[in-house]
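What follows are several structures.
Next come two complexes built around subunit A: one with subunit B, the other with subunit C.
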Partner chain A sequence: MTYLQTVWQVFRKDVQVEWRGRQGVPVMLVFALLMAFLFNFALQLSPDLQAGLAAGLLWVSLAFASTLGLNRSVSLERENLALDGLLLAPVDRSAIFFGKAWSNLIFTLLVALMLLPVFSLFYGQNMLKPGLLLVILLGLGAYTSLGTLLAALSIQARTRDVLLPILLYPLALPVLIAAVEASRGVLSAQPLGELRSWIFLLLACDILFTAAGLLFFETILEE
Partner chain B sequence: MKQTHADSLSARIEVSGLVKKYQYQPVLDQLSLTVEDGDLCVLVGANGAGKTTLLRILAGLVRADTGQILLGGVPLRADPGIRKQIGYIGHASLFYNDLNALENLTHYARLYHINPLESTVVESIRSVGLEPHQHKPLRTYSRGMGQRLAIARALLHDPAILLFDEPYTGLDQEGAAFLDDRLRRLQGPSRAILLAAHRPQRLLQIATHIAWLREGKIVQHLPVNRLSEAPELRQYLQETA
Partner chain C sequence: MFKKPPILILLDLLSIVLVPAALILILFFTPVEAVMGPVQKVFYFHVSAAWAGMLSFIIAAAAGAGYLIRRDLKWDQLSLSAIEVGVVFGLIAILSGMIWARPIWNTWWVWDPRLTTTAIMELIYLAYFILRSGLATPEARARLGAVYAIVSVITVPLTFFSIRLFRTIHPVVIAPSEGGSGFNMSPRMQLAFFISLAVFTVLLIDLIWNRTRLAAAQAKIQMGEN
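Entry: the complex of A and B
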């Protein structure tokens, strides 16, 4: 089986399980919508402040929702020790990482796409901009790559439910800062050229965390 | 087509100097064991003796601290393709509860690149008597049904090396008789079977060898027909009966 076929099979299995169980994306979406709703009504921001804060609030919602998805991804593999089944297969184990990271990314992107119109409505600005979609793609790519790796690390731990966010949020800070700054720039109509440094930082995080998954995923999973 | 180690693997398990510690406590301590081609070796030992750890190491799920593992003369970690020759049954079914039997086995068949896929999966489910339940999600299965499907999964790719950890757990009488029959048919040339059992009495009719794991080491390893030469092991087996 080629490397890409393995990645595709792991991805396909995750989508199939999600389609049958519907326990990941709907929960993430409801959680993210609740956060958007609570922020909007709890903060009671003036229109000027809303524009400035929308990017930050969007990323807080996405980060928290994505962590829920990552936890679901872990629990799926822990149930009946299904992860062992993947590890037993005669495939390069880093392909399992890519398959899982991509499914986590696609699920979170789906939530983001459904969240953007709601944020547009609550914060009075069009958030369905190609520049913002690019930032979301890069930001969530890095966040879910790191999250998938750390989820694998936490899978063996007794305190796995709290371990993932405790490890993930500090390590993902550069991603979240760059994503918020780039998103804020896009929303305030700054040209992408001026946001180059933030976008390059996101791209660097994408490469770094993907490479880390490629190198360390197998070692992390073995007891 | 590229020739891999797995394609030419013979059925022989060779373990030497295996050490595994958990939090500085040795579970396996310089363990050595050889299961020859054609053998069905029952691994016995008390709870916590390290049977599961040994099988998980041999399956490539746990990394040993030190020691050498050769499957058919090839180091276990030389090539991921070697895992195609390993069939493993552990304490859990390794299935996804939201998928049905057909979907679960198809997933594994794809990972093992089984061809023809559909007919192999259907035949595999039929062989364990779960055809009427193949479209039901795994969460509706009883423990015994899950174990039957786990047997089908472990044998799906026709592996040369079988590692079974307490495979009778959860099986009713009919299921246990079915497994006895499967083991009899599986045992033979081009296959090595290592089977861990806490209560191994029923297996002594089928097994060729018995290995006793105690304090992290194999303290006895002999053919079943020479069991009379090992009074201590015989007494242990009587006590666990």
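Entry: the complex of A and C
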């Protein structure tokens, strides 16, 4: 089996589990929607404030909701010792990382795609823009890479489920800042050229966190 | 085995003498800044503490890499010690900065890039202790702690850079100036500044070294228990 085939098999397995159980994406989606309502009451959003805050609220909702999926993607493997099975397979473990990181990316992208029309309604502006989709792809790519790495790390601790957010949020901050700024720019109709430093920063995070996964996933899972 | 090496004793003595000496130098030797007044003197220890904190986090990441390559718990003890000492220095930098900010900015805290980055850095390394406390074996603590220390040291400059893209109000002291010297300070201020940096570096090495010896002693006791 080639490296890419291994990645594909892990990815396919995760998608299949999600398709049959439907316990990740719906949970994240409902959670993200709940966040939108909580923000509305907590921040007492007036209509003129809402437009400017939409980008920030979208990303905070996505960031919080993703941790549920990330935690689940790894804790799933602990049930019935599935993780041991995965680790016993004679394959490069970084391939497992890519399979899982990309399935997590697909799930969170799905959530984002379903959130966008709803946020467009709630915050009174069209958020289904190609530029925003690009920012979401780059931002979630970096976020889920780092998240998958840290989820594999936190799963080994006694405090596993509560640990991931504490590790992930501060480390993912550059991604979130760049994503929020780029999204805000896109929504206020700035051309992508003006937002290039944010886009480059997102790309840099994508590359760095993917490299970190490639480098450290094996080390994290060795026993 | 646990006899103190002479160099460490020397470092201890140097720290004990040099820190008060630097303080005396700052209080009586440096001029009072024209606009800000005496509170500007916080600057010397403030920047030195921030420098020591950042240096120790880099040491921690390097020691983490050392552990992953060598698989010797000594490296992990160094990494842990550097982070512990670094968190304390980071806290000193934040608190001394707040003391300065209260009269100068008229507030204890602003959401400025450097302040925010430093605070986030503290949170990242506080999470390091939470991670370690949840892990059962010294080997797992060392292995995962090393990975976390390395990943953290990558994201901290990224965070700094990303917030820096916003506008900052934090004073930039070391920057190209008209004089061409690169420092917006009088010669006496510069001297005191560099001495503070050197003193804090000595103090940092001394503290990390002592803390590492403590970690080694702890490990030995725990080995004896099992």
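Criterion: the second predicted complex is superposed on the first by the 220 of 223 C-alpha atoms of A that agree within 3 Å, B and C clash if a C-alpha of one lies under 4 Å from a C-alpha of the other, contacts with A are read in each partner's own complex, and residues count from 1 in each chain.
Definition applied: a residue touches a chain if its C-beta (ideal position, glycine included) is under 8 Å from a C-beta of that chain, and two chains touch if they have at least 3 such contacts.
Everything quoted here is computed from the prediction, not taken from an experiment.
Trainee: Per the contact definition in the header, classify A:160: touching subunit B only (first), subunit C only (second), both, or neither.
Mentor: second
Trainee: Does subunit B (first) or subunit C (second) touch A:205, or do both, or does neither?
Mentor: second
Trainee: Tell me the contact category for A:6 with respect to subunit B and subunit C: first, second, both or neither.
Mentor: A:6: touches subunit B, not subunit C.
Trainee: Examine A:17 and indicate which partner it touches, taking first as subunit B and second as subunit C; both and neither are also allowed.
Mentor: First partner only.
Trainee: Please indicate which partner A:216 is in contact with in the superposed arrangement: first for subunit B, second for subunit C, both, or neither.
Mentor: second
Trainee: Looking at the overlay, does A:84 come into contact with subunit B only (first), subunit C only (second), both, or neither?
Mentor: In the superposition, A:84 contacts subunit B only.
Trainee: Counting only touches as set out at the top, which of subunit B and subunit C does A:133 meet: first, second, both, neither?
Mentor: After superposing on A, A:133 lies clear of both subunit B and subunit C.
Trainee: Give me the intersection of subunit A's contacts with subunit B and its contacts with subunit C, in residue numbers.
Mentor: Common interface on subunit A, subunit B vs subunit C: 222.
Trainee: Residue numbers of subunit C touching subunit A in their complex, please.
Mentor: Subunit C residues touching subunit A: 68, 120, 123-124, 127, 130-131, 133-136, 140, 143-144, 147-148, 150-152, 154-155, 158-159, 161-163, 165.
Trainee: Spell out the part of subunit A that touches subunit C in their complex, as residue ranges.
Mentor: Of all residues in subunit A, those touching subunit C are 146, 149, 153-154, 156-160, 163, 166-167, 170-174, 177-178, 181, 197-198, 201, 204-205, 208, 212, 216, 219-220, 222.
Trainee: How about subunit A: which of its residues touch subunit B in the complex?
Mentor: Against subunit B, subunit A makes touches at 1, 5-6, 9, 13, 16-17, 20-21, 23, 76, 79-82, 84-93, 222-223.
Trainee: Of all residues in subunit B, which touch subunit A in the complex?
Mentor: Touch residues, subunit B against subunit A: 6, 56, 59-63, 80-84, 86, 88, 90-99, 103, 107-108, 110-113, 137-138, 146, 153.
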